[in-house]
Each structure stands twice: as structure tokens, then as C-alpha cells.
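Labels A, B, C, D, E and F are assigned to the chains in the order they are written; within every chain, residues are numbered from 1.
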């Protein structure tokens, strides 16, 4: 019975590369990892958006309409739905003049209880200390 | 030379735009380049917009990223793919994708 | 009406450069222009047939086939494709493969060239 | 001796990230460590067999096979591969394909994880 | 936390390195990141080297780019792939590829 | 009987992406383009290294020894051998504290007559004016 904690740090904007989306899909995969492990062993994933990475969180992304692909917005909602913790750096949002009104904060329409936490970078640093392994995207 | 320059990145890793001195310069913001049209950092607009040029931003790429085209800066014209075709055939002679 | 030659050297699925190139080609053809489309480097990924369409990834096989039916001329750099293991048997029907001089020859008669390099 | 899990998400031929990852895996195995190697996104390009070896492009099939013989455990993200048209029949022998949870499971028992994301 | 950070680009598009405050920080320059170990711009060494950290640069990647390992700055240790393995297993607990 | 001139501008360092090398291989392909054209019609290629692109020109690249791939250095020599004009920006070399001693200047060992021209950016600007089409890498 052990837990391995992973910290996913997204530092780049969406769509230039698919990596921000892969960060979220891999984090979501923490839900099905038990099939490979012994009873009671788990892997947990937390995701933090920092720097230009906070641009992944903008609302109303029309990626499906224009390019027929899912948006990073929809992936953030999926992450919340499976109870992945999602952090967004407060200072970086402020730097871009963005507020909680501009970004995805919940996935209520899918029945998710989890919401996005806008936190100071210091708390993200604490999360990085706390996890067993870091994955920077 | 009448040159249409495409900027597709938010963080430029090249400084070429500042060095080009064509007779007529158009800057077409596409892909993640569209962030230059709207995102301020610490209150300041993107330095890309300081270039002496005509600015265009692709509507599809703004909206894909969750940016309302109404929020784009005044000196940037929001355009479509069809408009890009017309621009490069009618208003410019050469193109450069930075 | 003119001729536009597009060269795209970026990687497919994930980067949106090939999506951009295909949409621009479509817009040019709609306006009556002739379009030559060259892919090199990681861009040769575009030439593989039967890419499975997932909602997470852009899938360009369908729009590309429609454009080919409307006269789009599309060619992959043969060496770049072979080096990646993209052999003839997994190449989309109608997608040509040539050496790099094809791209240069296409620019000879082109009114405009848009070369998409970058990262 | 420990276990190192490497994840590589970058594109092959051209970018040197996969070359780096393969060489690091080799160095770790030489020192007696166990290595799990996961490729996702454009990194799945590594899994294709029969990539032609040109002097302009790095060719990793041979070193990879040598490492597999020494116990390297290498797996590609199945969805990322399928979305690119890299189907089972063109996958290198011994190269596994799994869903993303394989990578996370590998980190469970890993002493160190090197996740190569970037651009 | 003891953190080994890999820098693989010459032009960083992220500012994360400046913000990390681990108890012990190692910066391993690989790929095009090795230019930081030797290239001066307008006489000034790379700002990356100003970070408070131990610096390493991969010999193979320096030489691949035509850089003589003797020219690397004093505070950067030239290392091999094997050394990287030992560093991440013995001297650091976590890694971050920026 | 007509000539189309192409200007290849390399603005990024080698090895991160294969694009600088592809610029050179495509420029070299101007030598064999006639098979597609009418008698007397030709396409010419000139290559200019600017900004971080000048790092492609460093001598003694050991890419073959370490990674079993050809170096951009060897491609520059091949370009000279087939008489492709190669320019390197003088100001950018100076900015990095590099001189003509640090970079590939000729391919004498292969019998090439052409040499690399280190020129002010202004002359590269003139080349850009002069060509029919630009290809930035």
C-alpha cells in the first residue's frame, strides 16, 4: 500500500505543440493505473499551469469549430471530473491582466465537484516539493 | 520590396522582424502569434506591435485560443484565411514565415 | 488567377502548422488559384494514409483528399519520408513523392511562395 | 542499482531529444540500472520499423534493438501512434504499445523519472 | 528538494528556471542548451549562468556543435552521459526538463 | 529562358530542428532542378546565415562521431562545392565574439572554388530584395 505522487507542470501555451494536452491526458490516466499495480498502490497526479501555460486555461476555446480538435479547455474540465487537482498561478494570471472570469474554473455541467485553484506560485513550489516526481511540459 | 511576414509564435526565438526594412511591411499573426494581438504583459502590449507595419490576426486562431476578436487591439485587423490569400497575392510580393 | 507554392517543414499532429497550410491551400483554391503543396522534414507525416481520427488530434486526410479532387498538387520529400519509415505502401493515394528539386521547380512558375519553416 | 523511467514527447529525426534519451538509457543500463522508456506524442515516431538510414538523419533502430536485448523496456503511447497512422504492422519488434497509464505505472516503482517534454 | 534541471534550448521560451527555489539546484546543459556554457553575446555570458546552481554541460553535445570543451566557462563542469546518470541518481532527487 | 532566384535565410541554431540542414539540402537541389523545367530555365539558390543561425557555421562539428549524423558544417561545404552562394552576417558573428577563424570558410579539400562571404546585414537585406522568393528557416 503506497502512493506515488506526480506533479505535472505546464509552462507553455496550447496548440503550438500538443504537449499541454498530453499533460492533461496523462494526468487523467492516473485514474486507470491500478490495473498495473498491486492492491492499494496508487499513482496520483496534480497539474499546475504556470507562465505562458496559464493561457491554456482561457474559456470559450473554439478549437473544435475551427480545427475539429478538442480544446485544452475541455481537457481541463475532464481532469476536474476525475478529481485531478488543477492549480493556476495567480501571479501569472495577473501579469497577463487575466482574472478568474477569463478562465475555466469548474466543470459543473458534467457534475464535477472539483474546481480549479488559483494560487500563488509559492504554493505551486510547495506542491513540487511534495510530489515524488516532476513532469514539466 | 513588399513583404508579408507571418508570426506564429508567442515567444519569438528570432529577432529577424526588427531587422527587416522592406518598403512595405505587413505582419500576419497566426497560430500562437495571435496572442500578440491581445495579450498584455504587466500592462504593456506586445513589442511585436511596435514594429512599423500593417497588422493582421487570423480570426480562427484567435477564437481557437478563447480570444474574443472584439478584444484585439485597434491597430490589428482581424482577417480570415481567404483574406490572407488576397493579401499575399494583391498587397505583397514576398512572404517570410519567421 | 495565380499560383501559390506552399512548403511546410513542421511536424504534424500537435503543431498546427500543417492544419494552417491545408486551410490556406483550401482558401486559395476556392478563390481560383492553383496550389502546389510540398512537405519536407517532419511535415512528411501528412502523407501517411489511414491515420486514425481521434478528437484530440487534427486529422487532415479527409480535407486533403477533397482538395486533391479540386486540383491540389501535393508532394512529400521522398528521402525525409523514407528516413522516418514512411514507405510507399503506407502513403495516401494521390500523394506524390519526389526529391527536393520538385519543390524548387514548383517555385519557378509560382507567383507566390509561402515557406513554413520555423520550429 | 535503481530504476529510471524516461518519458520522451518530442519529435524524432531532426530534433535530437530522442537521440539524447536513447543514449542516456544506454548509459544507465551500462551502469546496471533498470530503464523503462515511454514515448508519446511525436516521440512515437521512434517505434516505426525499417526507417531507412541516411547520413543526414539519426537512425535509432539499431541502438534501440541492442538496448532491448540488454533489458530496456520500451513502450509507445498507442493512441498517439494510431493517430499518426503508425499501426501495429509497422511497429518495431519488441516495441510495446499501451495506453498512457503504462507510463504512470512505471513511475510508481521508479527511483528517478526524467520526463522530456519541451518543444 | 534536490533538483536537477535540464536546459536543452539556447533561447529559453520559459522563465521557470528563475522561479525554482530548491534547497539544491543543478543545471545540466544538453542539446542546444550547451551554447549557454560558452557563447557570449555582446561580451556578456549567458544569463542562465547567473542562476545560483551547480552547472554541467554534456561533452558530446558541445563537440557536436563545434565547441571545444576547453573553452567552456570555469564554473561549468564538462560531463558525459554516464556522469548524468550518476548525478541524477546520487546527487539529486528529482529532475525537470525545461 | 528565365531565372527564378530563391533566398534561403537560416535564423536558428543547428540540431534542435533539422531545418537548417534542410535549408542547405534544398539549396543544393537547385543544381538538379532543370529536369523539371524547359531548356534554359533555371532556379538559383543563395543561403544566408543570420542571428543564431550563424552558429551553424562553427568549424569542427563532431556530429558524425557522437550521433552518427552528418553535420551542418559538411552541408555548408557541399553547398560551396556546387557553387551555391553562402553569406554569413558579419554583425551576428561579432555579437557572439566569433571570427572567420571559427567558422567554415571554404571547401578546398573537395576542390570547391566558392568560399563563404562574411557580409554586413545590409548586404543580406539587398539579397532579399533581389531574389524572387524568400524561404526562412
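Here is the rule we use: a contact is a pair of C-beta atoms (placed from the backbone, for glycine too) under 8 Å apart; a residue touches a chain by one contact, two chains touch by 3 or more.
Given the structure is predicted, the values throughout are model-derived calculations rather than measurements.
Enquirer: So if I look at the partners of chain C and the partners of chain D, which chains show up in both lists?
Expert: Joint contacts, listed by label: A, F.
Enquirer: Based on mean C-alpha positions, I'd like to know which chain lies farthest from chain D.
Expert: Greatest centre separation from chain D goes to chain B.
Enquirer: Looking at chain pairs B-F and D-F, which one is connected by more C-beta pairs in contact?
Expert: Result: the pair with more contacts is B-F.
Enquirer: For chain B and chain C, let me know how many angstrom lie between their CA-based centres, rounded off.
Expert: 23
Enquirer: With centres defined as the mean C-alpha position, give me the chain A-chain B separation in Å.
Expert: Result: the chain centres lie 29 Å from each other.
Enquirer: Hey, how far is the Cα centre of chain C from the one of chain E, in Å?
Expert: For chain C versus chain E, the centre distance works out to 38 Å.
Enquirer: Please list all residues of chain A that touch 2 or more other chains.
Expert: In chain A, the residues touching two or more other chains are 12, 15-19, 25, 52, 67, 132-134, 136.
Enquirer: Tell me, which residues of chain B touch at least two other chains?
Expert: 8-9, 11, 13, 31, 60-61, 94-95, 97-98
Enquirer: Send over the residues of chain C in touch with two or more other chains.
Expert: Chain C, residues with two or more chain partners: 13-14, 16, 41-42, 56-57, 59, 80, 112-113, 115, 117-119.
Enquirer: Quick one: which chain pairs are touching?
Expert: A-B, A-C, A-D, A-E, B-C, B-E, B-F, C-D, C-F, D-E, D-F, E-F
Enquirer: Show which residues of chain C lie in contact with chain B when the two form their complex.
Expert: 2, 4, 16-17, 20, 23-24, 26-28, 30-31, 33, 111-119
Enquirer: State the interface residues of chain E toward chain D in the complex, per the touch definition above.
Expert: Checking each residue of chain E against chain D gives 6, 8-9, 13, 30-31, 60-61, 80-82, 84-86, 88-89, 94-95, 97-98.
Enquirer: Inside the complex, what are the residues of chain B that reach chain A?
Expert: The touching residues are 8-11, 31-32, 35, 39-43, 60-61, 63-68.
Enquirer: So in the complex, the part of chain F that touches chain D is made up of which residues?
Expert: 15-19, 21, 25, 64, 67-70
Enquirer: Name, in rising order, each residue of chain C that touches chain A in their complex.
Expert: 13-16, 19, 55-59
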